[in-house]
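Letters A, B, C, D, E, F, G and H mark the chains as written, and numbering starts fresh at 1 in each.
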Amino acid sequence: MRDILEAVAAGDLSVAAAEAELAGYATDDVGRFDAARETRSGVPEAVYGTGKTTEEICGLVATSLETTGRAIATRLSMADANAVRERLRPEFEGSLSFDERSGVLRAHAPDFERRDLDATVGIVTAGTADGGPAGEAAAIVSEMGATVKRIDDVGVAGIHRLFDNLANMRAVDVLIVAAGREGALPTVIAGLVDVPVIALPIASGYGRGGDGEAALLGMLQSCTMLTTVNVDAGFVAGAQAGLIARRLHAARNESA
Amino acid sequence: MRDILEAVAAGDLSVAAAEAELAGYATDDVGRFDAARETRSGVPEAVYGTGKTTEEICGLVATSLETTGRAIATRLSMADANAVRERLRPEFEGSLSFDERSGVLRAHAPDFERRDLDATVGIVTAGTADGGPAGEAAAIVSEMGATVKRIDDVGVAGIHRLFDNLANMRAVDVLIVAAGREGALPTVIAGLVDVPVIALPIASGYGRGGDGEAALLGMLQSCTMLTTVNVDAGFVAGAQAGLIARRLHAARNESA
Amino acid sequence: MRDILEAVAAGDLSVAAAEAELAGYATDDVGRFDAARETRSGVPEAVYGTGKTTEEICGLVATSLETTGRAIATRLSMADANAVRERLRPEFEGSLSFDERSGVLRAHAPDFERRDLDATVGIVTAGTADGGPAGEAAAIVSEMGATVKRIDDVGVAGIHRLFDNLANMRAVDVLIVAAGREGALPTVIAGLVDVPVIALPIASGYGRGGDGEAALLGMLQSCTMLTTVNVDAGFVAGAQAGLIARRLHAARNESA
Amino acid sequence: MRDILEAVAAGDLSVAAAEAELAGYATDDVGRFDAARETRSGVPEAVYGTGKTTEEICGLVATSLETTGRAIATRLSMADANAVRERLRPEFEGSLSFDERSGVLRAHAPDFERRDLDATVGIVTAGTADGGPAGEAAAIVSEMGATVKRIDDVGVAGIHRLFDNLANMRAVDVLIVAAGREGALPTVIAGLVDVPVIALPIASGYGRGGDGEAALLGMLQSCTMLTTVNVDAGFVAGAQAGLIARRLHAARNESA
Amino acid sequence: MRDILEAVAAGDLSVAAAEAELAGYATDDVGRFDAARETRSGVPEAVYGTGKTTEEICGLVATSLETTGRAIATRLSMADANAVRERLRPEFEGSLSFDERSGVLRAHAPDFERRDLDATVGIVTAGTADGGPAGEAAAIVSEMGATVKRIDDVGVAGIHRLFDNLANMRAVDVLIVAAGREGALPTVIAGLVDVPVIALPIASGYGRGGDGEAALLGMLQSCTMLTTVNVDAGFVAGAQAGLIARRLHAARNESA
Amino acid sequence: MRDILEAVAAGDLSVAAAEAELAGYATDDVGRFDAARETRSGVPEAVYGTGKTTEEICGLVATSLETTGRAIATRLSMADANAVRERLRPEFEGSLSFDERSGVLRAHAPDFERRDLDATVGIVTAGTADGGPAGEAAAIVSEMGATVKRIDDVGVAGIHRLFDNLANMRAVDVLIVAAGREGALPTVIAGLVDVPVIALPIASGYGRGGDGEAALLGMLQSCTMLTTVNVDAGFVAGAQAGLIARRLHAARNESA
Amino acid sequence: MRDILEAVAAGDLSVAAAEAELAGYATDDVGRFDAARETRSGVPEAVYGTGKTTEEICGLVATSLETTGRAIATRLSMADANAVRERLRPEFEGSLSFDERSGVLRAHAPDFERRDLDATVGIVTAGTADGGPAGEAAAIVSEMGATVKRIDDVGVAGIHRLFDNLANMRAVDVLIVAAGREGALPTVIAGLVDVPVIALPIASGYGRGGDGEAALLGMLQSCTMLTTVNVDAGFVAGAQAGLIARRLHAARNESA
Amino acid sequence: MRDILEAVAAGDLSVAAAEAELAGYATDDVGRFDAARETRSGVPEAVYGTGKTTEEICGLVATSLETTGRAIATRLSMADANAVRERLRPEFEGSLSFDERSGVLRAHAPDFERRDLDATVGIVTAGTADGGPAGEAAAIVSEMGATVKRIDDVGVAGIHRLFDNLANMRAVDVLIVAAGREGALPTVIAGLVDVPVIALPIASGYGRGGDGEAALLGMLQSCTMLTTVNVDAGFVAGAQAGLIARRLHAARNESA
């Protein structure tokens, strides 16, 4: 820290640059929307819909589009999404997409250019119930520029499907493995591949532990090597995978 | 109930027989030891060592031997077992065996004849940590007369060992599958065989859920079909398997 | 595993047969519906309704009927059931039955033949509140071919009814005992009969533990010998009982 | 409250009497020992040994004896009890008794007269593991003057012993029923007798719920009518039973 | 038990009497309604409304009235109560009462005579939130024949109201003290009176422990002497108080 | 932040001053010991003994004394304290004090001057069991310069002692109220005084909630107004009270 | 206590004054509304809306206005607030305000004079989700007479905003810091300022710990010094801050 | 799967190769030690010491050294480590190292060559308490060939140290951030850097949540993007970081 301040004192560093450097962020903060999140932490800011009024969601989506050229909003209802669509400025409207199962809305300014990453993230699910959080993960991975490879309908109850997909799983750079009920799938997969596995527990059961607790505990206790996110936290799993993809992209293009 | 009482009133049923019938038990109760447990519920009475003094254990083992011709005691330390050995009447001493890992002591009277059942129970473990409860299960299955088939060192982290043993697992009448940590093993096995699976969760991890909670929850939430016992409850798993074996034995010998 | 591969290499085993053998399954997989589940694990595949759209349920029921000649769907609302009925092909419609309390729908193709098992499963309940999960259990036991014997309105608060039914309970091959509130019923029964008891905890109380936790813990801690399934998991209890019934049927017909 | 103060103002009530009336206690407070507890709340003060040094225990026992003519101390080790015995004034020593299983020490001044109550408390246990808390309950019931009737070795696993003791259980004024593991015993008994049942959960199992949680939850959820105390809280169960006994004694002697 | 059977064999005891004696119950069982519950356990049977259809509730209320001359139903909605009223036979209708806050419905046959008990139960509450379970308690106490004395709006936040009511609290035979939030009220009261206190925890808070857990734990850990029932279990608290009242009534009338 | 940087750029602010201002701390950091904690956050740094070797504790105490003129260490055993005493430089030795019950060691340099605050903190306990954490609180309050007023042996079981001390409690500036078991004491006190109450839950019970959970939940759910710290966190309660005392001291001396 | 009674006996103290002194409260109790709460404990009584009917809320608001000249009601819906507005006597209507986000309604009699305190409370939030409880806190602080300083949109994910506000945070007398999700904000702030911090955990996450449990635990475990209130308990946090403000006001005006 | 089998049938693939391919593992399995773990899943097999006898540990270490040229053993006591050292064959002894704080033992065969990875893993800790699990993480990262960069003594209580190290943290490829108590550190760091953060919760507190639960929940609920492992699971965090490092190494050397 002292180095930076001395550089400022010496006139070697501008105040703005020092400020950014010190707190680790760029400076284009607009109202309550943290537009600089991507610059600082590598993950684009998203609007988390739960507990916000439709009014607030529309406003934040608009701000996001105008300041960063992109809007990502999660946990939206179809009604929220329609409201956003109606109020969006015409030039953004064409780009808007909404996936009802995952509740993710995305929109881009006409001149927005997503940086494509030279890296692939595999997303494995066992069935319908995993679709929402897996879709959240896929959306953010995709917005961060990595290629998404979905491997669906793979479950431990019918383990042959898993073996049929082993080569696909080994071919990606990082795996997100969603699993509800007892959550055994990431454990089994991590024992068979040498790709980093991020386990994503899903709240899809009933009775004791059916709210994702059994799956989460099973992943934390896994006898194979994996890291975990919270129950249904597809966005977090995708963001972490996206950060790894960014690193790999950089590594692959270092000498270029 | 009225039928029984009317039979007694009519002199068609002896008082003793009525008594046994009504409460569902034979009548040779000796002090605190429930010698008739096997007759009534199909499972031999065992002395549960935890929380008992060495004195009490020795006394109950002796009573058991004298009234039923057999003694089974669980959760004993080596010191307990040695004390029992020293105090046993000479004619029983030769038959005494003690397994330190599972803490199970067994002894039989010279004229005790165990009924052999025409049925086999498979007991699957993943490693050393499962040995104690699996040993408890094996002991009671064996005392109930069924054949025990151990399939050790099978874990989901190295799933090839599991596939190597599929034929063995399919060849038994009922499977007890012990698993600690995330407890995925019974789930995977129950998806591959059509044998009834009793899941036995083991307290072998650390951190959250490491006391068997993760394994237990995973088994209760399993996406395949299995029943569960409490954490480390090898005796219960074995007794239930033994009861199924008894039924199968009877079925196999019905026409004989 | 090596044996199988060598047989393939030697031409002694067809590729398809090896594939089935290796992963332990038959090969008639249709879309997302695991049609081979019964062949592999002994339990017919069922459609779990919770969290699925009516559209998805109708589709899976149709697929199931067409590929296996039978459809079982659980946790359906009356509206779901009606939707299925409306869309079913005429030849299947007559066979469709729906039990509102348990939420189980069943349908069969005209030429479906259920294999009847020479084995009986007793299902014990204490009252109305146990009816849903007990009905789930009865449905799957029945679909697996075993005879179901219901013993209803037996509770520990009026223990005389239990004694009146002891002979009935001893006459079956395996007992499923449902119990809510404190869940004492399976413990009391397992102390009086030598039939294997599968305890089924029900979420029927209020206050602390009323969500089935008290019943589940009581069954896991039972001082008598029994295995347990998750809260309200009637399907799992029934499937396990069905697997035991299959074994008994085979045993009874081995010499035939 | 105003009445009392006006009586004081009018000189109709002495200051000391008013004070006692207002706060509901007699006035012979000695240091940290609440000698007046029995007068105020009907239960004699006891020294709770856990977490106190031997020095502190000895001091409080002496104070209790000197101010109330009686000392009750709970959760003491044999070493604590021996230390108390050594330091006691000679005239008290003869009266000292210590029960190692329950950890209760009692002593009385030569001129102490316990009021005998015309009421009986039944204390039911299933086995050795319940002995400590049941002994605590018996000690305080006895010190409060009621007759204790022990009914031991009654458990739901061998329910015939329970039926053999029904008449005994119906003959007492209030029942304390101790139970560990799944804690079903008080539920079964309360369905068969019309005596008030106080359930006393015991920490005697292993695995999940084995620390008394399963028993406590089962008692709170009981489908029969009973009240509960905390795990191993024999003293509390006994004190409550003693208070009921006091009421009954008064009722029986009202007209006398 | 042998005694009874021998008496039957000898013709000294009728079959019916033996049956009642053995299982501890009278014999007028009607369908699913346990009409003999009051005879056996001292507490009248009540219809627990939660989870039952209106149809079922109406049927059970009618059966109860016809077999015992009385109906008590708990946890009913206003709609349930209205449905019962509409379907009741005219001669019962006039006696029907329903308390919306507690959800308790009561009705009696014209010739029903409640036995009045010479005993009083005090029911203490802190405010509106405690009214439902306290009303349940009051209803069953009253149906069991004891006098109910309500002491409302007493809370630890304004402890002066408590002191104003001390004399009232000391004048009853047994106290039920309802308390939500932190549940301190029964603890404070039990330190000031020598009446047996039954603590009734209420689910009236928010945040952690607001579902009655804080109140329940506080009552189980109370540093004064009291017994506890489950969260919101007013019926259980009232039934236990009623059983104590029955004993006191008998004691007061023993010599009469 | 920009203001500060611009001041540095303009030469109006030294680099060191800016650094302190930016991160909010003074700069005399010595090794791992955060000597500037008091300047920054108002609370002196203390050495937390649990999990540290005697060697590490001695080193940190020495560093603390040398850099700040004072050492406070908590959760030390008598052996730890003796080791510190032996290794301390002679000039510090005389000032060292150790309180075994609370495990707090304190030492000061000969020239250390504690600032006395014109404010008083009341610390209320119910008995022996609260002494450790209350002593921790007293030690840090005292080191922060406020006057400590202890009010011991006040409990809800004997509420008269509480009333005897009301005037004392109202005379202090802030109250720390320690309570174990059900933790009702702070709730009762906060309803009677207008002094800010910090509740300090103590782990002094047994059975469910006896590890401080019942007390903590009760304080969080309190129907009176208070804030809470973690179980046994006397240091935190004392530090917060000390910060309030600092503010009051400043307020009382503002015009001076 | 004796002093007061002796003063009454001597005629030196009126009965009414003694009564107030003894129980620590003024005497203008009106029905169920504790009008004297402010006099006794320093915090104005508020009507807690949850679980009350609109009728009850309206009545209590009216009583409060008439007896204390002020009404505060929390956790009201817009419908509740409108009902209150309609029924209020015309002279109160103009003063009524309702904040929908926090659910707090306030109204004052025309002649109500709030005492202004010479003290400032800072309330820090991270975003929209914290607004409700923070608004509750602000309302009560304001009603108690202290100045509220809101510092919104400060979160650890964008820590630069926090540093921009450090000077503001250091300028207030006491800080309430609301935080949901992982609840790290109060910990970070308390490490940077020497102002007392009251942490207010918010239920704003999803998955495990999202109901405020993660935030609450994090605050209880904070490595910096702070006290905590229950999840979403903004009123409690505000009342405690208000009590500290009262003390500071008194201190600042002591010599005046 | 069919492809592989057809290749075998056609003679295009050897049986051994097919076997490895199918189950995803190499074939040099030795007894109970899974020597092929590194080949299959990228992480070297380690001996987990907890619950194993010294005898077993020594045997597994020897097997590991002989089959893979390397041994890693975790959670060993100093006594275990000494025993291993004594029994090791002389040629291995020189290479043995043991770190007492983390309990990790490592040894290598003279000809063992670790592959160095062109990637760096940062490991951040706050203090002494984090040292054990952080050391476990460092050991496995190092054995997997990546460079370890330790950044110690960084905590949120003294946040300036964190800012001093921001550049260091941004310079590594992946960060493991250990934190006990409230576990806020990884949340704060992940908001400031664009490096993937693996959070490692530590059991270093006391009171509620002090066993790592508060830290774990805080990490799962983090408002910044990170993945988590179980409490104290340093090995898992290190292995995941090592897998990412392997990918980066490969990416950096792809064109080479």
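Here, a contact is a pair of C-beta atoms (placed from the backbone, for glycine too) under 8 Å apart; a residue touches a chain by one contact, two chains touch by 3 or more.
Because the structure is a prediction, the values reported are computed rather than measured.
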Shared chain contacts [chain A and chain E, defined touch]: B, C, F, G
Centroid spacing, where centroids are CA-atom means, of chain B and chain C in whole angstrom: 25
Separation of mean Cα positions, chain G and chain C [Å, integer]: 55
Gap in Å, rounded to a whole number, between the CA centres of chain E and chain B: 43
Centre distance in Å when chain B and chain H are each reduced to the mean of their C-alpha atoms: 39
Multi-partner residues of chain C (at least 2 other chains): 1, 22-25, 40-41, 157-160, 163, 191-192, 207-210, 213, 216, 220-222, 224, 230, 233
Pairs of chains, among all present, that meet the touch criterion: A-B, A-C, A-F, A-G, A-H, B-C, B-D, B-E, B-H, C-D, C-E, C-H, D-E, D-F, D-G, E-F, E-G, F-G, F-H, G-H
Sites on chain D touched by chain C in the complex: 126, 155-159, 181-184, 187-188, 191-192, 205, 207-210, 213-215, 217-224
Contact set on chain F toward chain D in their complex: 127-129, 153, 157-161, 163, 204, 206-210
Interfacial residue positions of chain C with respect to chain A in the complex: 23-25, 29, 32, 34, 36-37, 40-41, 50-52, 56, 203, 212-213, 216, 230-233
Residue ranges of chain D in contact with chain E within the complex: 1, 22-25, 40-43, 160, 163-164, 166, 173-174, 190-196, 198, 216, 220-222, 224-230, 233, 236-237, 239-240, 243-244, 246-248, 251-252, 254-255
Footprint of chain D on chain G - complex, ascending: 1-2, 5-6, 8-9, 11, 15, 18-19, 22-23
